[in-house]
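Shared chain: chain A. Partners: chain B in the first complex, chain C in the second.
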Partner chain A sequence: MKTNLKYRKVAAIGAGMTQFRRRVLDTPQEMAWEASRKALDEAGLELKDIDCVVIGSAPDAFDGVHMKGEYLAHGAGGIGKPVSRVYVGGATGVMTAISGWYHVASGMCKKVLAVAEEKMSPGRPHPQAVFRYIWDPITEKPLNPNLIWIFAMEMHRYMFVNKVSKEEIALVSVKNKRNASNNPYAQLGGEITVDDVLRSEVLVWPVQLLDVSPVSDGAAAMVFVDGDIARRYTDIPIWVEGVGWTLDNTSWPGRELAYPRYLENAARMAYTIAGIERPQKEIDVVEPYDPFDYKELHHLEGLLLARKGEAPLLLKEGYFDRDGEIPSSPSGGLLGVGNPIAAAGLMKVISIYWQLKGTAGKMQVKKPVHTGVAQAWGDLMQASTVIVMRN
Partner chain B sequence: MVHPLKEEEMKEHETVSHKPEAKYSYTAGQALSAFLLGLKQGKIIGRKCPKCGRVYVPPRMYCEDCFYPTSQWIEVQDEGIVMTAVASFISWTRDRLEEPEIVGTIRLFPSSARDYVYPGLFHRICCSFDDVKTMRILGKMVKAKWRPQEKRVGSVDDIECFEVI
Partner chain C sequence: MENVGIVGIGWYGFSTHVHDLSFREMMFEAAQRAFYDAGGMNPREQVDAFISCQEDFWEGIAISDEFAPDPIGGSMRPTMTVAGDGVQGLAHGIMLVNSGVADVVVVESHAKPSDIMTLPEVVELAMDPLYVRRAKIPNYHFIAGLDAMNFMHRTGVTREDLAEVVIKNRSNGLKTGRAPYASLMTRNDVLNQEMVVEPLSQVDIARPVDASIVIVLASETFARKFNDTPIWITGIGFATDNSNLELANLGEAGYLRKASATAFQMAKIESPLKVNGVFVDDRYSYKELQHLEAIGIMDVAEKLRQGYFHSGSYLPVNPKGGHLAKGYPLEASGLSLVLDAVEYLREGQEAAIVGSWRGIPTFTGGVVVMQR
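Right, the complex of A and B next:
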């Protein structure tokens, strides 16, 4: 049962993305344009039809250009239109779609173009150094942290509390890279084994090289329109039925890391709007955010698709495989497709959109799908964004 | 194709290298200033919310839940439980480290294992890579190893690391 019907109905009618690659030779604006043009083409619209533009992009420091929203505006079709930029760290990609949704749901705009872009490779010598300025300058920065530290800490805590082994977690990497080999946009698809993961370079124990998504460049875009006019452009509008997002505090050293309560809150918000009461029964396909392999398991639990500590067991049984009960990351996720931060989040929404539309090609899951969920996560293990879509 | 340019080819192209003079003088603020002065004296200081009783370490002048000013300085113990620990083989610029750096988070006492939020610190942990790899160090009771009084400057670095007791 839906509890809030005061919003205008919103449908996704088009999506497009660039290939995700490292050291792409196009500029960020050219990538944003390519994705936007493809999304408009799929929607059957021209730029003059678009009322508002939403741009999503993670820290400016990656592309090396401050004011990324303004910088991308002409590539994203924003000239002469109301443009806004959203940013919630790694959770930005799904937030871009959510922002596109509320521009339409509020009744302010009829047709919105939502564009996300990120270029991770320009930073020298490595994008990792760019993360230096996300830490608390007084209590954390003196210890010279890098980003992989905190995620390794969260992974180890998750393993410790739920008694999960590295082998069980590596299965996520194996599954996602296999799924990605069916994805024409993917950077790192292929067949790997659990052994390959366990033998890869140790970055920050327990995180090894194949536990992590690669450095990537890419862009993605979607078109959202008012429900009343959606059928003028397509026979199969995909409805945005629920959205949720929450932020936790930055005090991650003083917080239990084994379970993401902020994600549960975001998921419950989205499920309430969508009228989902039993997530595990009602959701057919899911794209949880997987910059690290353990994150997919962590997020499946936070999304209430597995009990606490149960996700590794279900994964081993094939529950989350492409032909399983709830296929998880059928696109190949960030581990397989690549991780241009904001674009990777919107890629997850696009994957669900194509699955529900039935146009996912070789990525299409075996079972018929009706309800799909995409999720992203970011900042200092504190932000989560969730979107529910139906066909 | 993973990427069209190799690392060596990047050197043949013109790259802009510029070191911005982006230096910052951060303010520690009311709560953290007292915290840093406490560290200099070998104490870990927090703030307590009068309404819900939550203890903030590092301290904060307001309670994020009640949105109410915290009212009381509290000295917590320099002992606690290792919640998580990792061994880093890369530096913050992603250069390879020969000897791993071991860091983690510590839940300081008074607190209980059932708390979702607790007084907690992020710091180095003095133990071996093997202790981390076998997870022996997780859940262990540790105590702060303070630098000698005369070497303390009022920084989180005044604690050398946390070690098992």
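Right, the complex of A and C next:
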């Protein structure tokens, strides 16, 4: 990791999303275009103004298309332009924004469209079937593990090491689904109680149905431009101030699952670049990746916004509520908005962008915000991507 | 943009079937050789970021980037995947250097097509599910056939010219240890082959090969710490033309024209004729000529007939054999051309151009300008 920064300043000036829903009838290309068009409209740009396109999408098997970046290039407006697809499993969404950032920061492009798309519903018999092929083909695949098994192990380990109860974890689901009821793009917002979560169907103990984000289809897009020209297009550019990403080793059974050390690495990289020394004091709003409710707590600790094992306590005290000290997932997160994997990650970045811009509408947090952090996570519980933005 | 140097390069494979190593072991071998080549660097301490270029369906693994970090030294480090050709990965590496988050970047790509039992079916899955895939094309080379016919009709390239490309490249391959398909052929050998798809015979079509390639990039400030004679990348570009087959402009390589415009502008070269080694994708014999035309070399058929593109001439093209001789290692294809170019420059030449393509059914390519 390096912090000798000679980079150009980069601003986000537009963002757009499709609604997150299950069994959307639009094709992946159509969804990518809907999000891209909205992002371009907010930025006040036309496709011809865009120099480069970055695409993010997670496993190819969800859409059932080989070389999905090539396929999405058309919908993402990449025809006749430099187009590339970046990819780190579930952490792809924020990586798409990071890649958009370095396309501009490096001087390669002036205006970049970053598009993330995922259509999980077509997976048969269930999108989980795709996850049967993420394992080591020799040592793990023959056991036919299910993705929820390993997260159950991680959740169990987190609960055991930090002495956390299911009730404390369920509060994340309650908070996020409540936040999502203010989000017009959300799939699964609503008022639920801890009891609802505890009475929901057990998938793999201790993971229950309401601990998990839903299967979704969706797309999200952002426009990043060179800092020198940002104010030509908007009065309120939102600056990308820090980026970080890390992959741990592939061997997940050999790791301490209670703490995401790879995330700490990624966060430290992003904070160093952004000049953040005391994250808990300096960060005003955060969107940690929450495909499972315990993951939000796990990630808040990895982001150094709570000490190890302390996140559940702070959550209970309302520290992470929409009107708390550091509002966490004010958009409703993946638990509430939905989880079209790569698009969900970029949705997190967009949520921070809207918060900092002050255009989050009913989602807007109570306190004034200047610094926001979005994060995503994926692969074999090994990848994390972090982005810091300021207004 | 700052020039970035290639300070180490390593490869493993270029065999029709690497049966004793897994893809991860191949990556490890290539990485070891690249780090040795870069003055014995320690990747755990001296590399700032890692990029792997691969595609899920080639690997037979969903989320294949999970397996990227360990064999190349990238675990607990900034490691990411570019789902594209290795040349796109190189471009991302250069952007990481120029944005200031890295001084030393490792770019890796590998392919093990010998593990793929249904290669044509995987290629078919890259086609649009609504418009093209349902047409049940019996043989995906048919798209190349259409492209070739259009190109030949427009430029006057003949079947004999294509045979000349095959003969030239396959014999050039005899000079390297990385060309399992190298051979000495006569014009009659080529012209008497049975057609796979008009106008392409079996010998006009490059075959897949197992290989892994790792490249160590360093910023201008850092490059000489690892290597006295880095090979400088002075220009790089990539582009996608119409990505849908139904809208494509067949007969032209528009993607490479756009990519080369960016790369040449960055490298400040006015004409590719000022560079004395060209390494372009020749997955099909006609593609070599089509790609040469796209990077700005006019009257390719005439130049080929005059012997311009042969080894020892003014402008040798694929002097290490190209894909027709060494096979194409899927996503590592672009890097395999870069590898040839690095060797060529290390032998004493001044400059080289690499032009890569992602293969049927894509319309994406990348161009790299390299100088010693």
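Observations, loosely collected:
Operating definition for what follows: the second predicted complex is superposed on the first by the 386 of 391 C-alpha atoms of A that agree within 3 Å, B and C clash if a C-alpha of one lies under 4 Å from a C-alpha of the other, contacts with A are read in each partner's own complex, and residues count from 1 in each chain.
Criterion: contacts are C-beta pairs under 8 Å (C-beta built on N, C-alpha and C of every residue); 3 or more make two chains touch, one makes a residue touch a chain.
None of these values were measured; they are calculated from a predicted model.
In the superposition on chain A, A:Arg261 makes contact with both chain B and chain C. Contact with chain B, but none with chain C, is seen for A:Thr139 once the two complexes are overlaid on the shared chain.
Once the two complexes are laid over each other on the shared chain, residue contacts for A:Gly69 go to chain C alone; chain B is not touched. In the superposed model, A:Leu203 lies in contact with chain B only, and not with chain C. Of the two partner chains, chain C is the only one touched by A:Gly89; chain B is not. Ranked by how many residues of chain A each touches, chain B and chain C are led by C.
Once the two complexes are laid over each other on the shared chain, residue contacts for A:Lys316 go to neither chain B nor chain C.
Once the two complexes are overlaid on the shared chain, A:Asn249 sits against chain B and chain C alike. Using the contact criterion defined above for the overlaid structures, shared-chain residue A:His156 touches chain B, although it does not reach chain C. Looking at the shared chain after the overlay, A:Lys281 reaches neither chain B nor chain C.
Residue overlap on chain A between its contacts with chain B in one complex and with chain C in the other: 131-132, 137-138, 249, 251, 261. Chain contact summary for the complex, chain B toward chain A: residues 1-5, 10, 15, 17, 24, 26, 28, 32, 35-36, 56-58, 64, 83-94, 100, 103-107, 115-124, 129, 132-133, 135, 138-139, 155-157. Against chain A, in their complex, chain C makes its touches with residues 1, 22, 48, 55-57, 60-63, 65-70, 74-84, 88, 91-92, 94-103, 122-123, 125-126, 128-130, 237-244, 247, 254, 258-259, 262, 358, 362-364. Residues 21-25, 121, 124-126, 128-129, 131-132, 137-140, 142-146, 148-149, 152-154, 156-157, 159-160, 187-188, 202-207, 214, 249, 251-257, 261 of chain A touch chain B in their complex. Looking at the complex, you find that chain A touches chain C at residues 1-2, 4-7, 27, 58-61, 64-71, 73-74, 78-89, 95, 99, 101-103, 105-108, 130-134, 136-138, 243-251, 261-262, 265-266, 269, 273, 378-380, 382-383.
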